[in-house]
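Down below are the structures I want you to see.
Here come two complexes built around chain A, the first alongside chain B, the second alongside chain C.
Our next item is the complex of A and B:
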């Protein structure tokens, strides 16, 4: 049944640090690699070498620019994957029972054997976390690497989602939000982690850490950012160079 | 939203079919034998044809049978269940009036009520979508029910009810466009709220996550053709309600002209239903800085 569980024992999810993410898309690629060769149907590509390549990805990195008046623009790389919502609208709209939320850990999954590829769950998701695979005709979404995190055939330190494991900047963290002492709960509390589009009432589990404010280098401040503790260097050169400078100005 | 032809045909035709069934089940028009057969044949052809068309956009149609299982939570599943129940119940009534000259009225009434519930479940597939503010309003089911009742009355040759319902439909359609135009803004979603970056200033997409449109953009961020929206609205409003209502009121006995009224209503209905999808804006577009 595509009814949602009243509560889940664990609330597994990700913390994504928008301050740290460098926008390298390594998580996108490693996600594609792991999930194309493991759980469920492969993530297909269409027209991969043509004019309009298109493919199924479970994780995408958008890049935004935020600009306040009279302030320098700030670039924010914004990875986006399933937020494993507590009140997941994608699950309840599913007519076949293919979409479900696991009672034990809160992971939202698609049973591809039951999916008829109607696409209604993708319509119901405000985040664009679900993509229909064109080759397979079934809906694909982030599994939180359910085939890694419990996988006893791989070393213990690798039992985290592929995107978390691969991130070179340490911008992605995996853990249990139901435990207030977990790494993700503490990190999210300390950095004021936010939920995306809360007004949609989806109660997402994943949290985004807002970027820290950047130093303003465009203002009237005289602080030399690379060498803040050095005396300012003289503006005018002396000696021969100074004479040359003056002479050339006068011509 | 992408205006998929299969879904436009499905909602338009099955809406008309179930609308006609609702009138027939209540005994309007009061016909038996061959005449009844023709009316029921048209109603079933529209309703079943529409339902079959809806399976054309499925990625894995072999699993469609499973769509009857989740009626407790899913409006799409409820729609599937209710349409089959309605078609079966009203079939008993149809057999009575066509072959035995008998009115097993309880099946007629039940079938009519179930047909109306079916139309309501169809409308809620869209009306439940909080992600599409233009659809997420109480007018959506009202609009779908009016389309079915008015179109059904027209096909059932109920002249005065059809004319009045067509006028009501035209007015409600106008207001749902009008209210729908402000719905996205009213819902308060912006690129700043979607990204949570509003405290840093004005946000724009600097670089797309992918170099060419993906499934999400093709399905949810359909902007092609919206430039003709105003013209199409004018065409729809004139053809779906005004022309048929005028014909019904001025020349109800002229079969040729009533045929024109039905054709006009169909064209208006398809135009309006195309707009229903093409103009609907999904909140995921905000992550692409597009509506």
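Our next item is the complex of A and C:
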């Protein structure tokens, strides 16, 4: 068993806006691309050009469909990666101490040198956020790009996880949840950020912003219109052409 | 273990040795990328923050560029076919031998009958260069892929308002308050749209998505209109009906900036019925409201009338606007009349019209920026109507697509929301009216160049490409009565027509970067037959096929000579203002590619090969007076070619001093200047010139300075498109140039000078009870046509493509996910796996485009899911409609532009036995000239 820190100085994590995510997978591949050649072992692809390609990804997008009776169905794209839980069961279950939560920023990492690939942590994670790399036999997971966010070889404004930097729709945000004034804390508070599967008691750090209610499902529009119908042009004075003549006179 | 045991990490590793900035080519978006190089290899690709297109972001395809660059499917060297066509058996040859074979074919054709060469290019975006080459060669048979892509959108936009969506313009993302997006899958202009929609969401603007399928952009839209395919025009014209009825239109805008006041001959007996009344200088006339007299449309300080009758020599003339209002105010366009067909309730259509009107007119925005219009009239501010629209192939790839795109532009213009703050804005080099575009040219002279550019915009029947006997001059029958405004050609008809020898036989088919034996053709199975068909003497019916591709695609197997291209990271390119620009609404911009990695194979950039081929053939412009090659390669051409004096492929850093913008002598260091500037060049439009561009004097003057035009080109939007009427008039029997009788009714019915809706042709042909469903494809955001499957990362996202079936149909047939079904059209039958999806128009089934692969292609295992379960709808779509009573078969295209009507398809669905779990038809495997990809990869372990 491995101990979790009592507290961390920062709580770094992501806000993922499900109202804006179009499910384009940009974050999935940017993550793969960065992390296959930086922290730890590469993210392998078994049978890469074959019948059953099976690669390691630290972030995947799932698509769900929801349909209420008599309403149009909705689709929600749901990007999923490690949520860097405060009470991370993947850490406490680790028999070798390879899984750990950093005291300075709360990032949950795997020290691959100590990982024996037993897979207990993946079993313990209720989110399915860890993947065993089949080539290396070590457990891989989101590092929040720990080798980017402090990296002095990268321009300061780019020191964010690769998935956040690349997201075309701007649906991903990175910051410190320990700071109530941070971008992520403010955004999450304003939009009712959700902690995923809170009942699991894992205290995830990442937050998901729920989709805003859809006009075609709720029957309401956010455009505030006092008069819900267009009135026809006055028909008395010569109908449409009469109206036109009057209107042109005013130009 | 205690937390104190936490290891020390190096959190500042060196990312790379060097960053090289170039332009992405994982799709046609053309984003700027930073390619991180380590030990001479590509380590990481990210978006370029300074780049005007993507401002630092990058999509899945862009980030997967590493896997594309190192793809095992890359061709290795020139090859000549040694087996039968289609088998994929090749022998490697030298470039010298390849050039000898190619010139051995092309030189005699040029001397004797240049039209016997059909040269068609795909998604390469170097059309200004390939077109120039084809013109110098002298064949009339040249075009690129626009005919099977979105020519309806481009042509409807140019004829109506001098520009269209995507490259031509963009919504004003920063100011729009209501955004409607029609028929856009997640592929086109993908990063700018995603960025823009993200901005709209941040600002709380409302997004309405109109699409039978609720994926991607439509999934995040605040409101989804799951319209019945092919009925967008009906829906749009009903919105127009509502707005007109309520007078919620921008009359002043229409009066000033459109041809709404033009007087139209309204006498059905007149040979000029439907044409504009013109003065002796050929200027259209409008009625002066003050005097009641006609005056030239461009006379300053005239308030033109928009209704009324003007009689001249007994002939009545009425303004366009009055004709238009009468047309759309009829009950046939009322929401109630179209609700059932469109699948959108009348209440909903009315409510959307209310929202459009409300935002356009009650939430008007104003920018305090004085400007002067083309007539010299001064305006103290810029008034905006913050309703923006965007549309793409979903509305255009129908046989009624041209008129549907026109209808959408009419809606935009009636709301006064084009080229105003908050609306739709042109990106330079647009706006550009029809008058500023060339006409098509097709005069062939053996041994000499064609008489002008191939593609253009016809003004009337006199501009068609017809031989003296009325037959088509072009192999694709572009610019004929069958599709007079086919401004991008009809690449999808080339193989079929060449095989049929209709209008004539060709000798050599030369293609680049278009997978025409597979996903880029309708009727793929038959196309493969045509490519391999032999005559009675045992010779191939299409005698010679030369093909250039970078990868082992399905089309490679059918070529006789392969000219292997480089990857996008190994080549020079220019994303030129002469072609499809990357400009922003506020800026002029272009960019380059350059070899950030040198090829490690015996391959060459296709455009360099064309230039050498041109020099070997002695083509004008490609050789010096002594016969030596004028350009060393494509890079040399990019830097030194001048299209007009001082105007060349790249607009930036021109002149010896590198300071020229748009104009200037060639600069010998121009490409280096681009590299030093991040791979692109940008020049911002002055604020005074930023809106109202077609009519803004400051913009027009700036555009001339920058070489976009040589003289100001102000123009009015054409609500009423007179060239369309000229074709109708001919069909009615007027004029010397007459259509064949069999086409008269079609021309009369479809080439209406005001937008109309008619049923997609397929619906008149098939029994709709037998084929009750619409079948569509969409490109996924993470794949670009057939290229993606060779990409080890992307194929893990889209390795198969089930047929998505709506819940009702799924239940009706008792399907479960993973079951198999037969999908049948009037033309063919395929067996496919099915998956349930409710967020879908109930009468529609769909799948992702171009995931299905032929076994043996793309260096994939023959058992790859793409080749086993993956499938194409293309097998169900015929490039020809069934024979008419007279035995003639017409192309399955829009009758105005020739755009492939992919989305007219009607099908029926039935349960199928799972059997061997393989999609049908299953094409015999092709041999791979590049072997198979490696089993397992761990990219990055070397770093």
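Everything that follows uses one rule, which is that the second predicted complex is superposed on the first by the 215 of 251 C-alpha atoms of A that agree within 3 Å, B and C clash if a C-alpha of one lies under 4 Å from a C-alpha of the other, contacts with A are read in each partner's own complex, and residues count from 1 in each chain.
Heads up, the rule we're going with is that contacts are C-beta pairs under 8 Å (C-beta built on N, C-alpha and C of every residue); 3 or more make two chains touch, one makes a residue touch a chain.
What you are looking at is a predicted structure, and each value in this text was computed from that prediction instead of being measured.
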item: When chain B and chain C are modelled together on chain A, clash or fit; value: fit
item: Which of chain B and chain C A:53 touches, first, second, both or neither; value: both
item: Chain A residues touched - chain C or chain B, whichever exceeds; value: C
item: Contacts of A:181 with chain B and chain C, given as first, second, both or neither; value: neither
item: Partner chain in contact with A:3 - chain B first, chain C second, else both or neither; value: both
item: Contacts of A:212 with chain B and chain C, given as first, second, both or neither; value: second
item: Which superposed partner A:93 touches (first chain B, second chain C, both, neither); value: first
item: Touching partner for A:74 - first (chain B), second (chain C), both, neither; value: both
item: First, second, both or neither for A:30, with chain B first and chain C second; value: second
item: Touching partner for A:156 - first (chain B), second (chain C), both, neither; value: neither
item: Smallest separation of CA atoms, chain C relative to chain B, angstrom; value: 5
item: Common interface positions of chain A, toward chain B and toward chain C; value: 2-3, 28, 51-55, 57, 65, 67, 73-76, 96-97, 113, 136, 211
item: Contacting residues of chain A [partner chain B, same complex]; value: 1-3, 18, 28, 51-57, 60-69, 71, 73-76, 78, 80, 89, 91-98, 113-120, 122-128, 131-134, 136-139, 194, 196-197, 199-201, 208, 210-211, 213
item: Contact set on chain B toward chain A in their complex; value: 1, 57-64, 66-70, 72-77, 80, 125, 128-132, 187-189, 191, 193-197, 199-216, 219-220, 282-284, 287-288
item: For the chain C and chain A complex, residues of the former touching the latter; value: 1-3, 5-7, 9-15, 38, 43-47, 49, 54, 56-64, 66, 72, 178, 186, 190-191, 194-195, 197-199, 201-202, 204, 206, 214-217, 219-226, 242-248, 251-252, 255, 289, 303, 305-307, 321-322, 325, 329, 350-351, 353-355, 357-359, 781-782, 790, 792-797, 799, 807, 837-840, 859-861, 863-865, 868, 932-941, 943
item: Of all residues in chain A, those that touch chain C in their complex; value: 2-5, 17, 19-26, 28-30, 32-34, 36-39, 41-55, 57, 65, 67, 72-77, 96-97, 100-103, 109, 111, 113, 135-136, 146-147, 149-154, 158, 162, 165-171, 211-212, 214-216, 221-223, 225, 227-233, 240-241, 243-245, 247-248, 251
